[in-house]
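Got some structures for you, see below.
First chain A sits with chain B, and in the next complex the same chain sits with chain C.
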Partner chain A sequence: MHKYEKIWLVFGIGALIFFLSVIGVSAFYLGNQPPSCLATIDPDKVDQTAPFNEPGLKKVEGKDWDYELVYVAQAFSYTPNEVEIPKGAKVKFIVTTKDVIHGFEVAGTNVNMMVEPGYISEKVATFDKPGEYLVLCNEYCGAGHHMMYSKIKVVENQ
Partner chain B sequence: MAKAALQNDTEKKKWKDAEESGNLKGTLVAVMTMGVLIIAAWLGVFQLFLNRP
Partner chain C sequence: MSKALTKIDRKDAKMVMAHLYVAFVSLAIGGLCGLLQVLVRSGKVQLPAGISYYQILTVHGVILALVLTTFFIIGFQFAAISRTAGTLSNGIRKTGWAGFWTMLIGTVLAATMILLNEASVLYTFYAPLQAHFLFYLGLTLVVVGSWISCAGMVAAYVKWRKANPGKPGPLLTFMSVVNAVLWFIATLGVAATVLFQLLPWSMGLVDRVNVAVSRTLFWYFGHPLVYFWLLPAYMCWYVIIPKVIGGKMFSDTMARLAFILFLIFSIPVGFHHQLVEPGIDPAWKFIQVILTFMVAIPSLMTAFAMFATFELYGRSQGAKGLFGWVKKLPWNDARFTVPFIGMLAFIPGGIGGLINASHQLNAVVHNTIWVTGHFHLTIATTVILTYFGVAYWLVPHLTGRVLTKKMNRLAIIQGVTWAVGMTFMSGAMHAEGLLGGPRRSAFSTYGDAPQALEWIPYQIAQAVGGAILFLSIILCLIIFINLAFFAPKGEEEFPVSEASEHAAQPSPVFENWKLWVGITAALILFAYTIPFIDMIQNAPPGAKGFKLW
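Let's turn to the complex of A and B:
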């Protein structure tokens, strides 16, 4: 084997091992998972299936997160349209769609996932900075796709 | 006649190897540069991921 080939192989395989280790630690040790398509649901019965029969913010106890924020996506809106979250809250987003594939991105954060009919997408995030966050659809879903958004307001505690 | 042809082939191979080593060094430099850029971009995006809420 040529000397340069050996150098290239060491470099390439080393980079591969490094990348895989970072992802591996992130997934198996820190518990990071892809957010989409873990649980299934009947898309025709979304409005009757818990927890999507009552979308919105709910306080929960005994879990790793403080609140559950349930969204139903449809062409071309999110329910709820506006939410207020207390500052510092650890929130689990639980989202599904009633019709076609949508995106669900909270701009400026790591909450960014696909929402596919028949599946439930989940992501836990902590909101330490007060302000207004935009929830937008970043997966083309039809004629009204560019108008599909909702708001999250992170407010100071009273 | 056969001897002359063999010498020709050996010389051709030496000349070809010398030329390829020149190209190979440049190729290695180019590939390593690409590799460094790729790693830098990867680390940049990873930093974004770590720093966003």
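Let's turn to the complex of A and C:
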């Protein structure tokens, strides 16, 4: 192997190891894992299964987050279709679908996950900036896919 | 050195050309669909006659990502084998034709279902969206046809090895066989989900489908698929480009090593497409993220080999200074310049790939139009411009014509307009994606949401870029038709570079297929067995089919 090629590959592989270390430490030490909820649900009985029988925002006590925000996705809408969250709240999103695969993206945040029939998707996020956030479907789900959205309003505490 | 050019046998040439006709017809159809998509998404244009954006999008993805690529690759690899391992036997050529017709019938079947709006499920056909069973059957035939052809390639290689005992296989033939083996192993996943899950389910034999298993099998196939596209481009870079510029291949051994590394590391990495989905333990996702990063190593080796070849050539021509060699490269030769633009695009393309695969960072860009911008750099610039650069000498070589100066100039213009159009389109896609704009979505203001309104200027920039790209496609088609039917008769070279005389013979270990396939299988089993068993053991009730378009 050429001397310069060795230098190049040591530098390149070193960079890859550095990148992997950064995301590895973030994932396993700081707990920043991608949404990977392992809970399942009967996709035909979403409306009868807690917590999806009562979609919407709920205050919770004694947990690492302040609120649980439950969504049911179906072609081509989310329930609820508008939510108000107090500024600074730490919110756990809990989402499932009644039909096909949907996306669940809160634009401008790191909340971005696949929602698949039979599975529950979860992600915790804190909303520090007031304003209107668009929730949209970013996985093709049929003719009305681009009409599938919901809104989150982050409001100052009264 | 004899001056007579080595020509591919005429019968082999005919079989290869059949593949290229399908590839370039696909380019025309798929390119037109792409233009319509960017126009719709600009918000200024609506499709006539109730044609749906998603139907056009399905055509675009299937015909460009699956049909154009597969036909071009199989045609090119047969040409490479015929050129470097000798004329194909009658049996192997017939195998090639059998593969060709099987794939073509499959393509027509799938295309018919898409045009009848029975299969607007995009090229990833995620269940439980349920297409007509003939769509899945058509795709099955495309894959089966490609298996027949790849078996022909392997047979040609085995025949050469028997006739030349103890010698390393010719480099282009060896590389073609690596890609064929990669394809056999990768397509097992998509074949499994289509044959055992989607076909019986779409025919009504079973009611429900396990969605997570189907997606996992798809992405087991979906990532090596992109290496199946990329390796023929690397064949051109490693073996053909050095000859075109008049230089020498940097290292035969390192080229073989890079290809073996691609075989090993390109498959057990599918979870990096599934990072933000439920039902998979994040530790297993991270293991596949590590393996994904490994596959960057052979690309780093390739980058070094290319620029080493260029610099050595430039210095042999008397270039001085650190970058003087750049000026000595044959910029007025489309066979070099068009693939070179592709190489440059792989720098941001590769960096973007590492970002996408970075575990939790993926959530920032997943399913945003950033991803579309990414693969329009990698497949739709790096790979496709290299294919075009190959076609510009391969087509006249096969048809007994020449690439004239005029066509050469047009080809360079084609490459440059592509670069300009793609800079606008892919650049705007990357930027819009970072702001959250979704991929695979028709024009929408999402109820005049302020965030969505911010995305529209980027969508107009994409339409501008897409229109320039469409012009570039028209140029490409003009050149192809000229080279196939109208260019003056003559002899065009099929450039194949030789390793320098001082280079050591490549080690026979590279052709120890049991070893490499064994390692590949072991890594696949390591990366997939436990999460796959989890998926089946903890499966929720299956999903019923839906037709929501």
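Everything below uses one rule, namely that the second predicted complex is superposed on the first by the 156 of 158 C-alpha atoms of A that agree within 3 Å, B and C clash if a C-alpha of one lies under 4 Å from a C-alpha of the other, contacts with A are read in each partner's own complex, and residues count from 1 in each chain.
Rule of thumb we're sticking to: contacts are C-beta pairs under 8 Å (C-beta built on N, C-alpha and C of every residue); 3 or more make two chains touch, one makes a residue touch a chain.
The structure presented is a predicted model; accordingly, all values stated were derived computationally and were not measured.
Chemist: Check whether A:W8 is in contact with chain B, with chain C, with both or with neither, and answer first, second, both or neither.
Modeler: both
Chemist: Quick one: is A:S77 in contact with chain B, with chain C, with both, or with neither? Answer first, second, both or neither.
Modeler: Touch status of A:S77: no partner.
Chemist: Between chain B and chain C, whom does A:F19 touch in the aligned arrangement: first, second, both, or neither?
Modeler: A:F19 contacts both chain B and chain C.
Chemist: Of the two partner chains, chain B (first) and chain C (second), which one does A:F127 touch, if any: first, second, both, or neither?
Modeler: first
Chemist: Looking at A:N110 after the superposition, I want to know if it touches chain B, chain C, both of them or none. Which is it: first, second, both, neither?
Modeler: A:N110 sits against chain B and chain C alike.
Chemist: More residues of chain A in touch with chain C or with chain B?
Modeler: C
Chemist: Thinking of the overlay built on chain A, is A:A143 touched by chain B (first), by chain C (second), by both, or by neither?
Modeler: Touch status of A:A143: second partner only.
Chemist: Could you tell me which stretches of chain A are touched by chain B in one complex and by chain C in the other?
Modeler: Shared contact residues on chain A: 2, 4, 8, 12, 19, 108, 110.
Chemist: Residues of chain A touching chain C in their complex?
Modeler: Interface residues on chain A, with respect to chain C: 1-2, 4-5, 8-9, 12-13, 16, 19-20, 23-24, 26-28, 32-44, 75, 99-101, 103, 105, 107-108, 110-122, 132-134, 136-147, 149, 151.
Chemist: Any idea which chain A residues touch chain B in the complex?
Modeler: Residues of chain A touching chain B: 2, 4, 7-8, 11-12, 15, 19, 22, 108-110, 125-129.
Chemist: State the interface residues of chain B toward chain A in the complex, per the touch definition above.
Modeler: Per the stated touch rule, the residues are 24-25, 27-28, 31-32, 35, 38-39, 42, 46, 49, 52-53.
Chemist: Chain A touches which residues of chain C in the complex?
Modeler: Within the complex, chain C touches chain A at residues 52, 54, 57, 120, 122, 126, 128-129, 211-212, 215, 251, 254, 274-282, 285-286, 289-290, 293-294, 296-297, 300-301, 304, 308, 354, 358-364, 366-368, 435-436, 438-444, 446-447, 449-452, 538-544, 546, 548-549.
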